[in-house]
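Both of the next two complexes hold subunit A, though its partner changes from subunit B to subunit C.
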Partner chain A sequence: MTKFIELVVNGLSVGSVYALIALGFVIIFKATEVVNFAHASLLLVGGYITAVFHDDIGFLPALAAGMLTAAVVGMLVEFLVLRRGRTSDHGVLAIVTIGVDILLTTELVRRIGTDVLDLGDPWGSQSVTFAGITIPQTRIAALLVATVLITAFLLAFRYTTWGVAMRAAAEDSETASLMGIKLSRVSLGAWAVAGALAAVAALFLTVFPTPGLDRNTSLVALKAFPAAILGGLDSTTGALVGGLIVGLTESLATGYQDQLHFLGHGLSGVAPYVVMVLILLARPAGLFGTRELTRV
Partner chain B sequence: MASAMLAIRDLTVNYGRSVQALRGVSLEVAPGTVTAVLGANGAGKTTLLRAISGTLGFHRGTVDGGTITYGDQQLSGLQPPAVVARGVVQVPEGRRIFGRLTVDENLRAGGLGAASRSGAAATRERILELFPVLAERHKQRAGLLSGGEQQMLAIGRALMAAPKVLLLDEPTLGLAPMMAERIGETIAAINEQGTSVLLIEQNAALALRLATNAYVLEVGSVALSGTSAELSASDEVRRRYLGVGETDEGGPLHREDRPKLTRWAG
Partner chain C sequence: MFESPRWVRISALVAGVALMLLVPFYADTFWMQAGLFAIAAAIGAIGLNLLTGATGQLSLGHAFFLAVGAYGYVYFASESDNHFVGLGLPTPVAAILAVLLAGLVGGIFSPIAGRLKGTYLGIATLALIFIGQHILSNAESVTGSHNGRQVPPLDLGFLVFDDSPELVVANVPLGAFERLWFLALILLVISAWVARGVLRGRPGRALNTIRDHEIAAGVMGVPVARYRAAVFVLSSMYAGLAGVILALVFRQTVPDYFGIILALDYLAMIVIGGLGTVAGAMIGAVFITLLPQVLTRYSDGLPLVAAPGSGGFSPAEAARIIYGAAVVAVVLFLPGGLFGMWTRIRLAVAARRHRAV
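Moving on to the complex of A and B:
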């Protein structure tokens, strides 16, 4: 039982980090209808900047710098690449983001080399023991920070002018522009927020028990894709639920791999995708996605 | 509210390379008046409004000639938000309210493009006075409103931008006659408060009653224009848009011309 609770808490914590990534992914999709395959490289940018600067300026300022840089890089991708594309075909733009991802990741991997970078987080490898349950501090921090950020985001999405503009534009961009909403600003904002959230996610993907930021961190970030997709690409709620499902699945599959031995080794890596496929079989638009309606 | 003239001169609009939707259309909306544009489906009425509001790009359309000016300001070539900021606001065809947003949020979205946001609260009050039903349902999702209520919301939303010229695209489309009357009265009330209106309507009787001047568009060009009184009296308009036939040509078949169906006649 203790093990189960530990695994669940761990899963929720990792899941909330995936939710941060998936949320950014969904915001960009809602605002621009572009599937952003460069998301993992935004995350890597944020993590790299935090790793490079934390020695000189301290952890929190470095994290802020990482968030800012990832936000700016996101905005630059939108401004310099996607907006210049003389096509309104979202499929083409999505493929363009794959190119952007390759460029950014290649450069970062060249800089990181074979190093494993430490992000200078204050929690280290300490854990908290409560009623026989042992949880690493980093996992608790991840859960708290992600909860705060996600709540702040959802409140802003619901109540601020930015949120109203964003939701109006997501629902009907042409009419939103007839109301005087500047679509270019909405999409820049979406990329910035997505970048900043990804940078925070980078921190929590690389803290204990993970050794640190290395060239493969962007691969870990890919697990947020099934999270966004199984939740429904255009739903913020879906991103949250999807993130948690993927986190829990992964954590439980890792924890009980001895019992699940008949399914073979490395099940935890595949499990999120298996869950995604199963959910999509039942609900092709994801759990909370808008079903594509076609008028005949 | 000082209002200027919205003037369109020799406007030519194409969709893609081959479809010419408007050819050399000239039209004026005098300050403080209601101007109606009539025409059948495909005559280019909606295209005209898209050109004014700058949303042709969403439909791969381009302005290939002519000018659109409001007062001494050039509107053609501006992005939609810039047109709104100059006081020219459109209520699109089919209402296009944000169904997943609440009534309040729809109104808020409408105010986002206003030139100044200082009077937003007062504007909102006036709109809720004009449409009390919106006040009653202000927390509901807009998608749950009835067709007529959605049209009121669409008009209210546009009014949040404090327009000097309101462009209305078929506001009574698909509404029950009572509701259409009600929308008509509202348009008159809005106009009385000093907003010029460019009204596109298929309901010619209603449009001609509200408008001072009217234009008839046919396959992309102005076929007729004049004061509403002149147009209401014109045979052409009466026959084709008001459904009152005084000539035999072109109108609906006369009853007695039709062969009797013996089986039914007994």
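Moving on to the complex of A and C:
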């Protein structure tokens, strides 16, 4: 039972990090209807900047720099690439983001090389024991930070002018535009927020018990795609639930891999994708996604 | 639309094929192998272009079906021994069965593919890559896990696609690569011809209508679900055939090759070459496959490209950066890809000639 609780807490913590990534993905989709396959590379940008600067300027400023850089890179992608696309076909724009992803990831992986970079977080490998349950400090920090950020985002989304503009644009971009909402600013904002959230996620994906930021971190970040999709691409609630489902699945598959041995080694890597496919079979638009109703 | 006279097109085609048939008599092993990769990629890309380009079904899982073809062939063709299992069928039968198997797996996945649209489908097919990698590394008796498994050479009875027995034509020894080259070329011509027939005929129009407006397609009497499933199966079979050829060229299949990077490569091929056309897929496949090889071969003479590990861009990295940029540039500046650009140039030239007359 202790093991189960530990696994669930771990899963929730990792899941909240996936939720951060998935949330950014969903925000971009809501604001611009573009699926951002370059999301994993934004995350890598943030993590890399944090890793490079933390020795010189300290952990928190480095994290801020990472968030800022990822946000700026996100805005540049929107401004320099997507806005110039001569197509209104969102499928084609999605493929453009794949091109951007190849560019960014190749360059970052080249810089990282075979190193494993430390992000200089203050928690190290200590853990907390409470009522017989041992949880690494990093996991608690991840859960807390993600909860705070997500809450702040949802409040801003609901109550600030920016959030109202964003929701209006997502609801009906043409009408919103006629009402004086600058769509270009809304989508720039979406990319910036998504980049910053991804940079925070980069931190928590690479802290203990993970060894650090390396060339495979972007593959880990890919798990946010099933998170975003199984919750429903256009639903912020869906991103949260999806993130938690993926985190829990992964954690339980790792924890019980001895019992699940018949399914093969490395089950935790593939389990989230299997869960996603099963959920999509039952609900093709995800758990909370808007169903497109058409009748012929 | 402007088209050259029939005799011009046919003689250009004949000249092209004749030129390709001469390649093995002049090219060295490096270029033979690179060329074979390009031909295999062209077949796979034609399949993906039917699915993604012509029908608008985003697939990030093409590499998985290539793996099914490659490993299917190895499984059907190899004899069982202490380590591995296999059926030991005659190799041509194994090759055909491997292509059918890829189609069957595509058919099994098509109920999922049929229910999902756009991005949902794209990311669901991403799952295929990871599930595929999981199976490849765990089903050791079939796939040989990370060490891979040896591929038996194709044996047509009168001709074995291997280095022995020796075969010398016009003083040029024709080894495995040279012999495979002719086979692959024939398969490419057939694949391209079939795909062209599909795209130019009634099914092609139906597929394009599904891409452009699914509801309109349904209203006009196109059985949307059936077509979507059928094109998924067909595209998987193309990938399976490409996988079989790749396995024969590699002679040893390894799971790592069939990962997400390969799947993205295939998407890049059809975008750069031109979405929805056979020629576009082939141009893109040649571009993406040969670019790293060319950069590797001539890295000494190129600025910025350096040997791996020396701090500069390795040829593989340089190639990825170039084609990442090419994907972005093509969508921004060249809708229709390289093939579309070629068509526009021809149209412009024809219009000018027309005015002059």
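Everything below uses one rule, namely that the second predicted complex is superposed on the first by the 294 of 296 C-alpha atoms of A that agree within 3 Å, B and C clash if a C-alpha of one lies under 4 Å from a C-alpha of the other, contacts with A are read in each partner's own complex, and residues count from 1 in each chain.
By definition in this document, a residue touches a chain if its C-beta (ideal position, glycine included) is under 8 Å from a C-beta of that chain, and two chains touch if they have at least 3 such contacts.
Because the structure is a prediction, the values reported are computed rather than measured.
Asks: Touch check for A:Ala165: first (subunit B), second (subunit C), both, or neither?
Replies: After superposition on chain A, A:Ala165 lies in contact with subunit B alone.
Asks: Once the structures are superposed on A, label A:Tyr256 by its partner contacts, choosing first (subunit B), second (subunit C), both or neither.
Replies: neither
Asks: Pick one for A:Ala94: touches subunit B only (first), subunit C only (second), both, or neither.
Replies: After superposing on A, A:Ala94 lies in contact with subunit C but is clear of subunit B.
Asks: Looking only at subunit A, is it subunit B or subunit C that touches more of its residues?
Replies: When the residues of subunit A touched by each partner are counted, C comes out ahead.
Asks: Taking the superposition on A as described, I'd like to know which of subunit B and subunit C A:Trp123 touches: first, second, both or neither.
Replies: In the superposition, A:Trp123 touches no partner, neither subunit B nor subunit C.
Asks: Classify the contacts of A:Phe79 with the two partner chains as first (subunit B alone), second (subunit C alone), both, or neither.
Replies: Touch partners of A:Phe79: none, neither subunit B nor subunit C.
Asks: Check whether A:Ser177 is in contact with subunit B, with subunit C, with both or with neither, and answer first, second, both or neither.
Replies: First partner only, subunit B.
Asks: Figure out whether A:Glu107 sits in contact with subunit B (first) or subunit C (second), or with both, or with neither.
Replies: second
Asks: Name, in rising order, each residue of subunit A that touches subunit C in their complex.
Replies: Its residues touching subunit C are 35, 81, 84-87, 90-96, 98-103, 106-107, 110, 219, 222, 225-226, 228-229, 233, 264-267, 269-270, 273-274, 276-277, 280-281, 284-286, 292, 294, 296.
Asks: Give the list of subunit A residues in touch with subunit B in this complex.
Replies: 161, 164-165, 167-168, 171-182
Asks: Per the contact definition, I'd like the list of subunit C residues that touch subunit A in the complex.
Replies: Counting only subunit C, the residues touching subunit A are 56, 58, 111-112, 115-120, 122-124, 126-127, 130-131, 133-135, 137-139, 214-215, 218-219, 260, 264, 267-268, 271, 275, 313-314, 317, 320-321, 323-328, 331-333, 335.
Asks: Over in the complex, which subunit B residues touch subunit A? Could you list them?
Replies: The touching residues are 53, 55, 58, 79-81, 84-85, 89-90, 92, 96, 98-101, 105-106, 108-110, 112-114, 157-158, 161.
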